[in-house]
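Next up: the structures, one after another.
You will see two complexes here that share chain A, one where it goes with chain B and one where it goes with chain C.
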Partner chain A sequence: MESWPRARPAVRKKIALFILLGWVLLIIGDRVDELRVYQGAQMAMYTIALASIVLLTGYSGQVSLGNGAMMAVGGYGAALTLNNLGSPIWFAFLMAVVCAALFGALLGTAAARLSGPYLAGTTLALAVGLPAIANQFKFLGGEPGLLFDVGFPPERFGEEFTQYKWFFWISTFIALIALFMTSNILSSRFGRTWRGIRGHSLAAELCGVHSSRMKILAFTVSSALAGLAGAVLAMNISLVAPGAYALSLSFALVTGAVLAGISSLPGVVFGAFILVAIPEIADALAGRLGDADKLNHYLPGLIVSILLILSVIYAPNGPGENLRKHLRKKPAR
Partner chain B sequence: MQKVIETLLIGLSTGSIYALMSIALVLVWRSTRVVNFAQAGQAMLSTYIGFEIASRSEIFWLGLVFAIAAGALVGAGVDYFFMRVLFKHATSGPAAVVAPVIATLGLLGLIRSIVGLTWGGEFRSIKAPASTDGFTVGDGTIPFSTLDVLIIATVSIILIALALLFQRTNLGLALRASAYAPEIAQLAGIRTARTRTIGWSIAGGVGGVAGMLVTSNNFLSPYSLDLLLVFGFIAAVIGGLESMAGSVIGALVLGIGLTFILNYVGTSLVFIGGFSVLILVLLIKPDGIMAKGKARRA
Partner chain C sequence: MIRKTRRKRTWFAAAVIASGSLFATALPANAETGVSATQIKLGITLPLTGAASPGYNKIGNAMNAYFKYVNDNGGVYGRKVTLIQKDDMYTPQLAIAKTNELILKDKVFALVGPLGTANFTATHKSVNLAKRGVPSLFLNTGFSGFANKKNYPTSFMILPSYAMEAKVVAQFLKESHAGKKLGLVYQNDEFGIDALGAFTAAGVKFDVSVPYTSGSQSAATAQTWVSQLAAGGAQVVVFFGVTSATAPLLAVAAGAKYAPQWILGSVGADPLTLQALGVPVAVLNGAQTPAGNPSPNDTSDEYVKQFQEINTKYNTGVAFDDYVLQGMNLGLMTVQALRAAGQNLTRRGLIRAMETKGSTFASVAYSPLGYSKTSNVGHTGYFMAVMGPTGDRKPLGGSVTLYTTDSGSGPVVKSTFKRPAMPAKGLPTNS
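After this line comes the complex of A and B, so read on.
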């Protein structure tokens, strides 16, 4: 506790930085057209989702291949809250976080005390079976899903203020808060402990760390973040349906996290940018190669997987790492 | 009573296909310490090739042979061109532990996109090699058909062949040794890298058979084998991921259990049933049914 007063200026500086960042983003949001605003909102969503993977995989060293499923839990939680209780938007987002965290804690208790392949396989199974689960329960709306309508932007913003700009504002605001909190958690003793477990779990336990408890905690926090991202995604597309959280979303998120440099929080913005850019690039490519249906459907997946494979082989810690190594020449021995 | 027996029989046929998939996963896990999620993709690619041959020649078994060959080739290729390079590069840093798993995921996506771009996403079906009409018992017919008998027979032949290979041949001994203790096996003169590639290609071939058999009474699409992968994984976890015999038992139990759910509760609960089995096994007996009190590695 003694170090708290000293830590404060750093936190204050961080707050100032985030406010500045938000302000710049809002100005940018005012200047670009509708499609870019929508993509900005999606980018904010990916940023949150990637932060959840960075926290889980990059810091605590666990692999979840089903983050899309966690996002779905958040999305459905938010939609059910909003539709059934008629609650304010912020409460729906809060419930998304709570639902996903609870679900993550449950699943984490089963899987997080187990290592690598078990958690990966269990989460993958969840992502594969998500449509089946959503179809099973009537109140989840089956294949067509549930509507998720956060309503029109408040009138005081004027006539010019479009729906997508409203989405962009909300998602950017949420993403900034989420990133701020995540970066604080990661630089707190929890972040250090997680890194310790990832580096050498036995050594960490000898230092008095309750390794499995910390792993479950990491999984819970990560699920909460994913759930938040899921609710933001639901808002952006006004819908919660199994198709929106398909297996390909989980794959894309893993790719984005690897490209972001799996243990670098600022990198997630870069990863999110790439994830938003890929469909655009694929569209352009497909248009040039002849507009076959097949091409439109499978080209994004092809690009994502090639990027993932290349970066896992040649830059497993993210391109940023290689760049840093390149810049910082090794001292002569 | 009759319904119980027919459910058991159908479950046996379903479970035997899961057994093949879980053996493919176990083989790779034992030798490489990676759960090969790309197995679904490899199996799918070989099934598409087998499907092409089967529908051109109208002989299912020719397609099956080609599917095995394609699966073996793809499996060996994945290990030789992909896993070796990966293990050479990703050795340090926070991503080193998770890189192989993520890489197999990337491979699954890659194969899926390639298959999608080549064959398109339409559902296809193979002409079954045998009648899918159920046998007549007494007055009515039961859903258990000649095809199911053929499936069980094929899987049994493959399982026996694998058991002979692993227990009676030098290659099998080398495979077991380099999975159990790679360094010592290498000191004993086994080319462990090459043996591992052979293991991957056996797994690939077995996966190809699983794909063809599943498709023989179902449709084929770039996504159709995902559930097979999940159920194969669950079966492998029941068996403890290490033991081939355990995974076969796990697969049969899972297949029969899920068929009971299908026949007595409803289609939509099948996946949830399988997933609950997974969670239960992980909670109660995370080392699997074949564990001998040894702590799990990795």
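After this line comes the complex of A and C, so read on.
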């Protein structure tokens, strides 16, 4: 409690920074065409999803390949809430967080006993299996999935205000809140404890940290974030379907997190940018090289793989880390 | 303090990156999206790869071949027609993403022939096609739900609905297979359920019914379908699914020496696709099928003959099958619609043209077209055909007996409708 008054100015500054960032994004959202607005909404979604990986893997040191599955839990939770209860949008998003957190807590209980490749394997199995469950139950809509309709933007925004801009606003707003909360959690005692566990779990335990309990907590918070991202994804495509949370999504997220620098929260914005930009770059490249149809199919995967390899060799902590080191050196000169 | 500045700096960098990513150039003001003095840009999403792609992956190229033929002969009022194909792998979420690209990035004038019921339902909702006023012509799906003009004001169907198909088959079952044990295998989504509803409404009760999930079709799953059908003693089996599901079904049944009278829905009975999937075409021998088009190897048909010629020249090396025929016909219909909309091409104009002139368009299918101010229904009927050992279709009883109906409770009636003639050289001047 003692530290609260002292921490306050920093938090206040952070709030101001986030509001400024939100304001800048709002203005940008007004100036660019609809495709960019849509991509902006996607970026916001990836930002939240990557934050969940950074929290789990970068901070608490648990490797998960199953974030896509957590997103599916959130997405379906939100869709079922919205469709069956006719609830307001915010409640659907809240339920996405609650469902995913509960699921994450359950899974975390098992995961706390596993580590390294075993944990990665378990979560991978989840990423493969969980979305497919929707195929087996009618109320989950099967393969075509369930519609997730948050409705048209409020009329007072005018005729020119498109659906995608509405998605962009909601996604960005949620992403900013999620990032703000995550950054606070990571700089709190929980964040420090998680880093302690990641560094040396035995040493952390000797300091009185209940390591498995903290790991479960990390899993829960991370799942809640992933669930939120899943609901935002569902909103952006107006749909929840097993295919929307495919294994490839989980892999894309891990790639994005590695490129972002796995333990850097601001890096997630960069990671999200890369994930949205890769198909664009591939498309442009394929168009230039000719035979766009065929190339387009393989290029994104190729680019991701090359980036991943380069990143592991030259910037294992993400390009953000290298940039920071570079900036730190400069004033010394 | 150092920490704080560093953090500030990273946040600033993040903000810069975020804003940079959203940068884009402003749009030049255009008369109509996707239309220039020299070009009309159209788009389609369809499975080019993946489990459901065999057959369907030919449709886009066939359309393009027909457009190239038209372009070489002067285009549509001097404008060249181009079609951008995007692979959706038959999944709704990819269909949404790709349609977004078509409309926001490639800025196409209209969608033509988008494929798949679940895909178009999701796309229409997500991309907001109606509100954007994007014409979606000739949906490659027979889901009767799309016939709701209020919900789909800018969309037009082409295939008779699955409900119509099921009603025609139901009539046929009552007339020709009365008293036999009936089985049904259907794709468990709007596609199959649409048909199931119509069968139930027509009073046809199946002794065995086997739903399957789209994408789950394989030899292993077909094993379970066949054992259920055989255990139930089904003598006549109706199939409502795609050809990539017909293939394992017929192959496994042949292997198990289970030989009921097959009645294959029009969607899933393409012989060349079966062959491409490694199933001998001979399994089709004797199968009955509701058909809308003439057989693709019936060169006595003026449409087939003309399309085959175009295929040889503009789609070189591609075998002419039902999908190619369908693709060419989509091209023919599209060009008629574009012409009907006039020289001053707009999206609204195109929709109006479809409503006022669409029902007079020339099309390879035998049944009348139902377009009007109040209806976006395409073809409205079927005839029953029987397949030979090479997979060719012959009208059951020697000549085409056309039945027309609607997707609702209307009766199934024998029709005397005469199909409009193929425009000379396959180049429309009629609209």
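In the analysis below, the second predicted complex is superposed on the first by the 316 of 333 C-alpha atoms of A that agree within 3 Å, B and C clash if a C-alpha of one lies under 4 Å from a C-alpha of the other, contacts with A are read in each partner's own complex, and residues count from 1 in each chain.
The rule we apply is simple: a residue touches a chain if its C-beta (ideal position, glycine included) is under 8 Å from a C-beta of that chain, and two chains touch if they have at least 3 such contacts.
What you are looking at is a predicted structure, and each value in this text was computed from that prediction instead of being measured.
Undergrad: With chain A superposed, do chain B and chain C clash or fit?
TA: Aligned on chain A, chain C fits beside chain B.
Undergrad: Between chain B (first) and chain C (second), which does A:Val24 come into contact with in this model arrangement: first, second, both, or neither?
TA: Touch partner of A:Val24: chain C, not chain B.
Undergrad: Is A:Phe251 touching the first partner chain B, the second partner chain C, both, or neither of them?
TA: first
Undergrad: Determine, under the contact definition given at the top, whether A:Gly129 touches first (chain B), second (chain C), both, or neither.
TA: first
Undergrad: Applying the touch criterion given at the start, work out whether A:Arg198 contacts chain B, chain C, both or neither, answering first, second, both or neither.
TA: first
Undergrad: Which of the two partners, first being chain B and second being chain C, lies in contact with A:Ser188: first, second, both, or neither?
TA: neither
Undergrad: Does chain B (first) or chain C (second) touch A:Gly61, or do both, or does neither?
TA: In the superposed model, A:Gly61 contacts chain B only, not chain C.
Undergrad: Scan A:Ala110 for contacts with chain B and chain C and give back first, second, both or neither.
TA: The answer is first: A:Ala110 touches chain B but not chain C.
Undergrad: Under the stated touch criterion, which partner chain does A:Asn84 make contact with: chain B (first), chain C (second), both, or neither?
TA: Neither partner.
Undergrad: After superposition on the shared chain, which partner residues are touched by A:Tyr298: those of chain B (first), chain C (second), both, or neither?
TA: first
Undergrad: Determine the nearest approach in Å between the Cα atoms of chain B and those of chain C after overlaying the two structures.
TA: Between chain B and chain C, the shortest C-alpha distance works out to 6 Å.
Undergrad: Show which residues of chain A both chain B and chain C reach, each in its own complex.
TA: Common interface on chain A, chain B vs chain C: 135, 293, 297.
Undergrad: Provide the residue numbers of chain A that touch chain C in the complex, in ascending order.
TA: On the chain A side, the touching residues are 10, 17, 20-21, 24-25, 28-29, 32-40, 43, 135, 142-145, 147, 149, 163, 237-239, 241, 243-244, 264, 266, 269-270, 273, 276-277, 293, 296-297, 320, 323-324, 327-328.
Undergrad: For the complex, which residues does chain A have touching chain B?
TA: 57-58, 61, 63, 65, 107, 110-111, 114-118, 120-122, 124-126, 128-129, 132-133, 135-136, 198, 247-248, 251, 254-255, 258, 262-263, 293-295, 297-299, 301-302, 304-306, 308-309, 312-314, 316-318, 321
Undergrad: So in the complex, the part of chain C that touches chain A is made up of which residues?
TA: Its residues touching chain A are 4, 6-11, 13-15, 17-19, 21-27, 48-49, 85, 87, 91-94, 96-97, 100-101, 104-105, 117-118, 121-122, 125-126, 128, 131, 188-190, 213-216.
Undergrad: Please give the residue numbers of chain B that touch chain A in the complex, ascending.
TA: 29, 34-35, 37, 82, 85-86, 89-90, 93-99, 101-103, 105-110, 112-114, 116-117, 120-121, 222, 226-227, 229-230, 233-234, 237, 241, 268-272, 274-275, 278-279, 282-283, 286, 296, 298
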